[in-house]
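Naming follows writing order (A, B, C, D, E and F), and every chain is counted from residue 1.
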Amino acid sequence: MPFVNIKITRDGATAEQKATLIKGVTQLLVDTLGKNPATTVVVIEEVDTDNWGIGGESITARRKAGK
Amino acid sequence: MPFVNIKITRDGATAEQKATLIKGVTQLLVDTLGKNPATTVVVIEEVDTDNWGIGGESITARRKAGK
Amino acid sequence: MPFVNIKITRDGATAEQKATLIKGVTQLLVDTLGKNPATTVVVIEEVDTDNWGIGGESITARRKAGK
Amino acid sequence: MPFVNIKITRDGATAEQKATLIKGVTQLLVDTLGKNPATTVVVIEEVDTDNWGIGGESITARRKAGK
Amino acid sequence: MPFVNIKITRDGATAEQKATLIKGVTQLLVDTLGKNPATTVVVIEEVDTDNWGIGGESITARRKAGK
Amino acid sequence: MPFVNIKITRDGATAEQKATLIKGVTQLLVDTLGKNPATTVVVIEEVDTDNWGIGGESITARRKAGK
């Protein structure tokens, strides 16, 4: 019954890529901890680059600066 | 002062339904634990079906498969 | 398949009270949005009063001050 | 390596204001706890006023009522 | 720069198992979305079985009932 | 009415340091976005270093390796 929340920047991840993440992280929990996949929930949140900061700067600002 | 975060799939929940959730969960915390409703916060997040997985598959894929 | 996260201060909520919260919020999602209870997950987190702030002060400090 | 999640109502916060939040909260963690800013992540989530409740009512309803 | 939060019941996961989860989910994000592992953060939360509900019941109650 | 969740590793942050974080982040939201401090909630979560990963490794392992 694990719950996994994956937050990424909104950068055009496709439905196929998100399906791969869901499948992969669910399988990882089955393989590593013997969790039941039927009740393993994965929620992916895509966040605008203005709203994501690291190193005290937004991702938008970092990309403009070539970081 | 509880904080409640409700994540659901984005399936057209109306403002009225969301108001019912907010009212109901706040009252539940008052009745069960004696919490102060004035500082009880409820945040509802609606998530695209491509971004929600259970059983290793996205909700989008499960619905297509008739699950 | 909703996911609900309830954060409360660690103030001795009993297993029975927590069971009431789990049952109540699950039923609320069934009644309001027609959600499937079998895949509705509720996670309760209990947080020390030093670690919870409102109005710019910790709950510990507010209680000491009689607020 | 702290992770900070700031949830606010969607009320037109500008990119500049969000950059100020990211910079400010990162600096606060450096100054208060000596954390490394390079791995301090801040994620801001903006939530519709229909989806945010306090006192058992949505922010939308509270604003209509002049609260 | 993804952020992953994994919530599981507190059932004695070892440091080695948790290290496997951290390594595996980080690699999954690298392989699937080309994310930078150096800024990929994974936080595992272990939750008491009294505090985790599914199907309207706590995990504690479900295990007692042999579910 | 913002809600702020700060996750840090469990490294002995004192009640005073946590009070400084609560006060500082609340003031930052007042100054930057004009938010009402009376309904601004801050929750600090302290996470074991085995349960926090970055760069595909736990903080425990990174510290042992002198990173």
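A few notes on this one:
In this text, contacts are C-beta pairs under 8 Å (C-beta built on N, C-alpha and C of every residue); 3 or more make two chains touch, one makes a residue touch a chain.
To keep track of the chains, here are their UniProt names: A, B, C, D, E, F = Tautomerase.
No experiment lies behind these values; they were computed from the predicted model shown.
Averaging C-alpha coordinates per chain and comparing to chain A, the farthest chain turns out to be C. Spacing of chain A relative to chain F, judged by their CA centroids, is 20 angstrom.
Chain centres here are Cα means. That of chain A falls 13 Å from that of chain E.
Counting partner chains per residue, chain D shows two or more touched chains at residues 1, 3, 7, 21, 39, 41, 43, 45, 52, 54. Chain-to-chain contact here is organised irregularly, matching neither a line nor a ring nor a star, and falling short of all pairs touching. Across the complex, chain A meets chain C through its residues 1, 3, 39, 41, 43. Within the complex formed with chain B, the chain C residues making contact are 1-9, 13, 17, 20-21, 24-25, 28-29, 32-33, 35, 39, 52, 54, 59. Contact residues on chain F toward chain C in their complex (touch as defined above): 15, 18-19, 21-23, 26-27, 37-46. Within the complex, the chain F residues that touch chain E are 7, 45, 47, 50-58, 60-61.
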